[in-house]
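First chain A sits with chain B, and in the next complex the same chain sits with chain C.
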Partner chain A sequence: MELTVEDLGHGCCLRLAGRLDSPGVDVVETRFLAAANQGRGAVLVDLSSVSFVSSMGIRMLIAAAKTLHARNLRLVVFGARPLVRELFDTVALDQILPLAADESEALQMAARP
Partner chain B sequence: MSAPHEHLDIELDGSHAGPERVRRVVADFLSPFGLSERTLYSVELVLEEWLTNTLRHGYDDPREARIGVHVWLEPDEVMLRFEDDGREFDPLLEPPVAHATSLADAKPGGLGLKMIRRVASRISHERYSERNHLTVGVSKQH
Partner chain C sequence: MRGAGRFTLAGADPTIGTVNESPAPDDDASAGDRTVIRAQPRAPRLERQGWVHQLVVVEGAEPGRRFPLGAEALRVGRKPPSDIVVAEAEVSGRHCEVLVEAGHDSLVVTDLQSTNGTFVDGVRVQGRARLREGGLLQVGRLVLRHDHKPPQEVQASEELDRDLDKAGRYVQSLLPLPLHSGPVLTDWVLVPSARLGGDALGYQALDDHRFATWLIDVAGHGTGAAMHTVSVLNVLRQRALPGVDFARPEQVLARLNAMFQMDQHGGLYFTLWYGVHDRRRRCLDFACAGHHAGYLVDPQRQACKALHTRNLMIGAMPGARFAADQVEVEPGSRLYLFSDGAFDIATRDGRAFGLQDLLGLLLQPDTEGVGEAERLHRAVRGIARPGPFDDDFTVLVTTYEP
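Up next is the complex of A and B:
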């Protein structure tokens, strides 16, 4: 699992690549949460290069979102591949986190008041 | 060309790399059978969620874990059976976790079993010889 942090000026985009399962989360979680918390604005999470997500991956996303929420900041997830998105739908993740189809939509969601 | 073997037995130890090794062995075993990506994802999800759960909650020291994983194919399903000597645990007795409707309501636990229930076509559990025996079927989906 790899993590790339991209500064968007008004926020940041965290791009993940690989498998977001228990081993993958072990590799990136500390950096992921630290990068999310250092942001001054909304945090976008790019899952377009993530082939597999399990409950541990979802926990990591929710943990980051909760921390940002406490600072009145938003975390928006985008680019989930079809099978990952199906998994998100089975646990109604869209009730908990904003899920966008792509980066453009994610930026619009992040900008909403 | 001979038909691929339709039965796999692995023993997982409690080392950190154990679940990942099992995942790779099962993926290699299933690769010749032309299963859909959705079926393979569901199988990997069951492996990940159950093995993680067992190592985390079934033992005081997960390094002592010895978990047998058996995989075989039936006409319409991929079958997985897990056997462990950890604490007695029947997932079918766990109450379903309701969907959170907001970030504030979202709790960190319970998602793993929910996911197994969602992707499994059948689940059964027995406890005998001081071991948990969990059998999960995953439909061969298109």
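Up next is the complex of A and C:
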């Protein structure tokens, strides 16, 4: 599991790569949550290079979204592959955080008041 | 044993190279002592004196059981005098031997020309093979892991094992016994991936014609997840949700969500499938919270119908709304509930096994003398790679008798 943090000026984009399962979450969680809470803007999460997401992966995304939400900020997930997208749909994840198809849609969603 | 369990610095012999004539910058020159520089610096070799080799049962009759290795070879076979007896038809009488090789951290496995083979890390042993530390040895359906530890660590891990066993037995004791007679039959298999899992299941008659069934999957596994599972399980078992009609799945989910918000429960959430069968009305009311569908299979085993409602998992968001649905149930139908650990499986050949593969197994015929849940467990086990499952494996089968 790899994490690349990209500064977007007011916010940031966190790009994940690999399997976001229990071992994967163990590797990136601390850095992921720290990076998500560092900025003063929205956080985009790029899942286009993530092949699998387990319940622990979803938990990490929800935890980050909740902390940001408490600061009136938004976390937008984009680029989920079909199988991951299907899982997000099953667990109704869109009810708790916005899901975008690609980066440009994610940027638009993040900018919405 | 001298030096037992301690690292011995075997390379600490004073093979001195040259003496640095000018004092090193960090030296106190007045003290007169100087840093001795090795001609060829080399890392000290760590000798693991007194360390214990063990084979630990990862999969088989007694998971967690440890077999220490001594000077003699450890024999594995179907019958005594084997040290590890595997009572399976496909295991040869004398199947293989495992031996400690002096000066090596790995073990040597010798296949004794067994009919069906000995496997080390998934590869069939041709004659002899090395079993590295942490490697897996498979004989029939028995899977053993090679542990190599200092004695005090072995003792500590044995104590921890005993504690985890007790905790595991407690969780198991909260699960209901299978029902083999009556209007509703149940049958289940729950195999935690760690000593303690995050999966649980339950069922109970609400009155003479309504029967509730549920399956819980707490995110993650291990002690934290298991403790959360226990509190949720006890609430459902005792029906300790004030003002809730347990025949109404959406009410049960909403109340549990209010009670188990992840912010107040160590950041843990859980998914749940909950359904109530009504024999008089021949229907099933159900709701999922972040859980995949349950599947209803007709008595002729022609098709399986997905029973799913799209709701968030329990604990993710305060005030979340939960929708329920209803389906007609033909008498003799079976309801299959399972955790995602039953289909997110890494296979022997690296092929992806998923939900559709598991659904294909549901429509296959019963195996004589084997419970339906166990039939599915064996089928998945046969496809999965050796070693413990990555996640808890849970299947609950409920049959609504005509």
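The rule is simple: the second predicted complex is superposed on the first by the 113 of 113 C-alpha atoms of A that agree within 3 Å, B and C clash if a C-alpha of one lies under 4 Å from a C-alpha of the other, contacts with A are read in each partner's own complex, and residues count from 1 in each chain.
We take it that a residue touches a chain if its C-beta (ideal position, glycine included) is under 8 Å from a C-beta of that chain, and two chains touch if they have at least 3 such contacts.
Because the structure is predicted, anything quoted here is derived from the model rather than measured.
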Review point. So if we stack both complexes on chain A, do chain B and chain C clash, or do they fit?
Key: clash
**Study point:** Touching partner for A:103 - first (chain B), second (chain C), both, neither
**Key:** neither
Exercise for review: Considering only touches as defined above, state whether A:54 meets chain B (first), chain C (second), both or neither.
Suggested key: both
Exercise for review: Would you sort A:63 into first (chain B), second (chain C), both or neither based on which partner it touches?
Suggested key: both
Review point. Which of the two, chain B or chain C, is in touch with more residues of chain A?
Key: B
Study note, to complete from the structure: Residue overlap on chain A between the chain B interface and the chain C interface 21-22, 52, 54-56, 58-59, 62-63, 66, 90-92, 95-96
Check your understanding: How about chain A: which of its residues touch chain C in the complex?
Key -> 21-22, 52, 54-56, 58-59, 62-63, 66, 89-93, 95-96
Review point. For the complex, which residues does chain C have touching chain A?
Key: 217, 219-221, 262-263, 267-269, 271, 290-292, 308, 310-313, 316-317, 320, 340, 344, 390-391
Point to revise | Of all residues in chain B, those that touch chain A in their complex | key: 19-20, 23, 37-38, 41, 44-45, 48-49, 52, 99-106, 108, 111-112, 114-115, 118-119
**Study point:** Touching residues on chain A, where the partner in the complex is chain B
**Key:** 21-23, 52, 54-56, 58-59, 62-63, 65-66, 69, 83, 86-87, 90-92, 95-97
